[in-house]
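Each of the two complexes below includes chain A, the first together with chain B, the second together with chain C.
Right after this comes the complex of A and B.
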């Protein structure tokens, strides 16, 4: 194999696929990226056997072929090279010589034959979604994904359609984030329900972030999403990502979203967030408990740690009911407040032991449910 | 020195409270050790065993006499029998011994009664084992020696058992003190007596000094705690690492380890024997009444459980248990039964009758601690 490729294009391509590569892998081939010529394009492929990503780059190809190289080393080299054309050629025993201006690197490669076969997915169903929307859905829900391997179903985001629209839902069992987008009326999309693993979710977000040109990013390109054989495929421009899905039953999340609430409190979101961040500084490191005492017009936030001390703060709120005390994990509230848009925050619940619903009137399609702590 | 009390402690900032409670000179610690606990209980319950060499054995029914001595009465100890000795050896040393099987569940009950007595004097009780505890009575305005005497008397009058107590300014001294005079002893080491008390004791009395360390210390011409206390601290650190520093502190009567109260009973259980013709329906009712007992106990202690275990003994003497741990917090009878009944159904009875049924909860959490419940069941 022999290729000439622009250094910047090559570097962006490697950056696109590199994070899929398993860093802790015991198998060296999984730390490699596959370089393969496809007509006039250079294909870069990385896999951790669960997620595979392939991106196609324009290159000049005097001699077609394939080779695999350490993704990390290739990335480090390309990062340091000057803005110029890179010449790469394979030699005997899978050695690769990489030249750029006055620099020459001789790298130990591995043959393509050792690289895992990518799953061949016959997509039965596919649809297109604006990458801007997909990115937003992920950014607003991924913080709630569980990292507890004992709760398999919760270690990914639920991605589904029903009469309400297209939803993405994440929960760790203590809090839940759900965002629902309208599906165009003329859509022929059939209802589906899949759980996408956390790592894939983050890769897809990255895929949505990157674009070969700034204009495309701004005008909002489309991502094609397809399913088949317990796999999901995301493709955008020259990049395709295939991932295994989580084969488990996601809990019935709709039942924990309060439908009607007795207590309703509205407040300035930014002021509330700052108060939560301050008071949480003295919350117990493990429980992260903040106590909310809500009385007409006023919210008192307090925290206490037997070894650190205590903090309190008050905040004007819109509330006219009886005084009520409810406790929440500060981290859960703060993580939601970091992603929700709008100036006003609405909090509602039925009693201090039942799930609390947090919403913003300016972003009606996004809800966060947090289970209060018993205090 | 013993009477020092700081009644304003509650008002102090928390960090001060912690450092004050760690200051060894301020504390009053009692180490209580029940005398030949298992054997004494057997002798108490069966007066014909009084004065006899009673040897309580773990695995008495084990084939080839593979059991081991759990506790030997003081009469049996005269023959050289001691705990953890193989049964065969104990039999050789004391052929006239009265060998009894352990009744652990029963001894635990007695242990709980002992704890109840302790709890009248302090809430800072650290059980080391079923028959040994540390008590921090610093906050009790009474003199520590009075408390130790009162506890010993109450154990004698209420439970008809004897305990040996050691009183000192920290755990290390209290434990060494209780080891001085056994059984039914009381040794008091007041703070100003610590140095004198330790001076002539052999180094191997120090916690962590085993035969190997003892040999190394002896080679440095250190035989007594007094000699160890006078040794160069840096050299001890070089030779024994962190442990060397601990030896040095102990030798100088310094031990900052706090008395850490046990969180709670590790487990709460109820069980009962069933009649010959108990139907499955009435078994479920019996389970419900066991659950009620557990609910009462949990409520009294302000606890919730996360694990439920159902235990059955069949008429062929086989015992089977099934457990489940939930993410939530269980306390009410209904919550317990919701877990327990399916567990009972999971036990394959193969046409056998249930002789005995037990319900227990473990993985206990205090209701006082803030707790994050789950969104989903």
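Right after this comes the complex of A and C.
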């Protein structure tokens, strides 16, 4: 194999695929990226056997072929090379020589035959979604995904359609984030429900973030999403990502979202976020609890750590009911506030031990439920 | 003095009666029964609804008390309770155990926090005081040799199999006292025979492998109970597996010495508590020794020391095989 490729294009391609590579794998081939010529394009493929990603790059190909190289090493080399054309050629015993201006590297490769075959997925159903919508859905919900491997169903995001629209839902049993987007009326999309693993969710977000040009990234191209054989496929421009789905039953999350609440509080989101950040500095390290005392027109935030001291802050709010005290984990509130848009924040609940519903009137399709803590 | 812990069967009765506490410590070596207790607790605390939301497992090696306590203080999702399981709590750093002790003084009634451990350090005074006062300590000991056949029979009943006592004893001899392994064997037999059938010795010979493994401790236990055939059988297995004859002799000598001490102390009217404290022997082991010493007279034990010394010398100098020398010793000690 022999190719000439622009260093920046090559580096962006490697960046796109290398996070899929298994760094701690016992199988060395899984730490490699497969380089393979396909007509006038260079294909880069990486897999951890759960997720596979392929991206196609323009290159000049005097001699077609294939080889696999350590993804990490190739990335490190390309990062340090000057802006110029990279010449890559294979030699006997799977050695690879990489040249760029005055630099030459001789790298040990492995043959393609050792690289796992990618799953052949026949997509039964597919649809297109604007990448900015998909990126937004992931950003608004991924923070609530559980990282507890014992709760398989919660270690990914639920992606589903029903009469309400297209939803993405994540929960770790302490908070739940759900975002629902409208499906165009003329869409023929059938209802589906799948759980996408956390790692895939983050890769798809990266896929949405990357684009061949900044303009396209801002405009938002389309991502094609297909399903089949317990796999999901995301395709955008020259990149395709295939991932297995989580084979589990996602709990009935709709039951968790309060239908009606007794206490409703509205406040300025930014002021609230800043207050939470400040007060949480002295929240109890063991529980990260912030106490919210809500009285007509005023919200008091307090935190206390027996070893550090205490913090208090008050904030004007729109509230006209009786005084009520409720506690929340500062981290959960803060993570939600970091992603929600709009100037106003709405908080509602039925009593100090029932779920707190956080929404923004300017972003009605996004809801976050946070379970309170004992005060 | 009232017992400060529950047994598994006492816990089961309490849970069946709906008595669920916010704090449990499951302590001991019998992991199979411990896991069974956790499953029962899961069923009673969470039911089937919302169990994904409300069951969390923490591994002490990779978790901090902060995470456990933050979860413990959080209201459950769609369920009256949240169930938190902390595995291998004896591996938690002392500061984290202290933090759990603080929590135990006023636990969240909507959380059921279960710690499992082989043994929590008794020097963690704050922890023990808080858990003894506010929680429930459940002890999961390895079953005694004579308890296992009975357990097999009860388990067979659960699988809707009928098992005569001699058959359960035979299964125990083939498999040993690993309850998980015994359970798997019974499940296999149930699959083969179908429910409602009687398990015969022939069925066991055809279906169940001889997988029992012995240790030198099994040998000294069998010897102390004066079970000649079994002691010879264990000795044979141990020597074939390459166990060092001098190590076997050393452990027999240690056992005889302990039996001698217990017998003398008993004759002098010393209490069990005194013996535990003086010799640092766990209650259960002492109880065992107290039963076993009844099988030997003082005179017999005194003579045993001479035989031990002779065997030691012979093992180091005689032309006889170690098996003959040790069998001869065992014969003299038992008969």
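Heads up, the rule we're going with is that the second predicted complex is superposed on the first by the 375 of 375 C-alpha atoms of A that agree within 3 Å, B and C clash if a C-alpha of one lies under 4 Å from a C-alpha of the other, contacts with A are read in each partner's own complex, and residues count from 1 in each chain.
The definition used in the following text is that contacts are C-beta pairs under 8 Å (C-beta built on N, C-alpha and C of every residue); 3 or more make two chains touch, one makes a residue touch a chain.
If you're wondering where the values come from, they're calculated on a predicted model, not measured in any experiment.
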| item | value |
| --- | --- |
| Room on chain A for both chain B and chain C (clash or fit) | clash |
| Chain B versus chain C as contact partner of A:171, first or second or both or neither | both |
| A:153 touches, of chain B and chain C: first, second, both or neither? | second |
| First, second, both or neither for A:28, with chain B first and chain C second | neither |
| Partner chain in contact with A:309 - chain B first, chain C second, else both or neither | first |
| First (chain B), second (chain C), both or neither touched by A:374 | both |
| Touching partner for A:285 - first (chain B), second (chain C), both, neither | second |
| Offending stretch of chain C which, after superposing on A, collides with chain B (from 164-172, 290-298, 308-316 or 326-334) | 290-298 |
| Shared chain A contacts, counted only where both chain B and chain C touch the same residue | 171, 173-174, 176, 251, 256, 287, 289, 329, 353, 355, 371-374 |
| Interfacial residue positions of chain B with respect to chain A in the complex | 13-15, 18, 327, 329, 367, 369-376 |
| Footprint of chain B on chain A - complex, ascending | 171, 173-176, 251-252, 256, 284, 287, 289, 306-309, 327, 329, 353, 355, 369, 371-375 |
| Interfacial residue positions of chain A with respect to chain C in the complex | 148, 150-151, 153-154, 171, 173-174, 176, 251, 255-256, 285-289, 329, 353-355, 371-374 |
| Residue numbers on chain C that touch chain A, as the complex places them | 50, 52-57, 65-66, 69-71, 73-78, 82, 99, 102-103, 108, 110 |
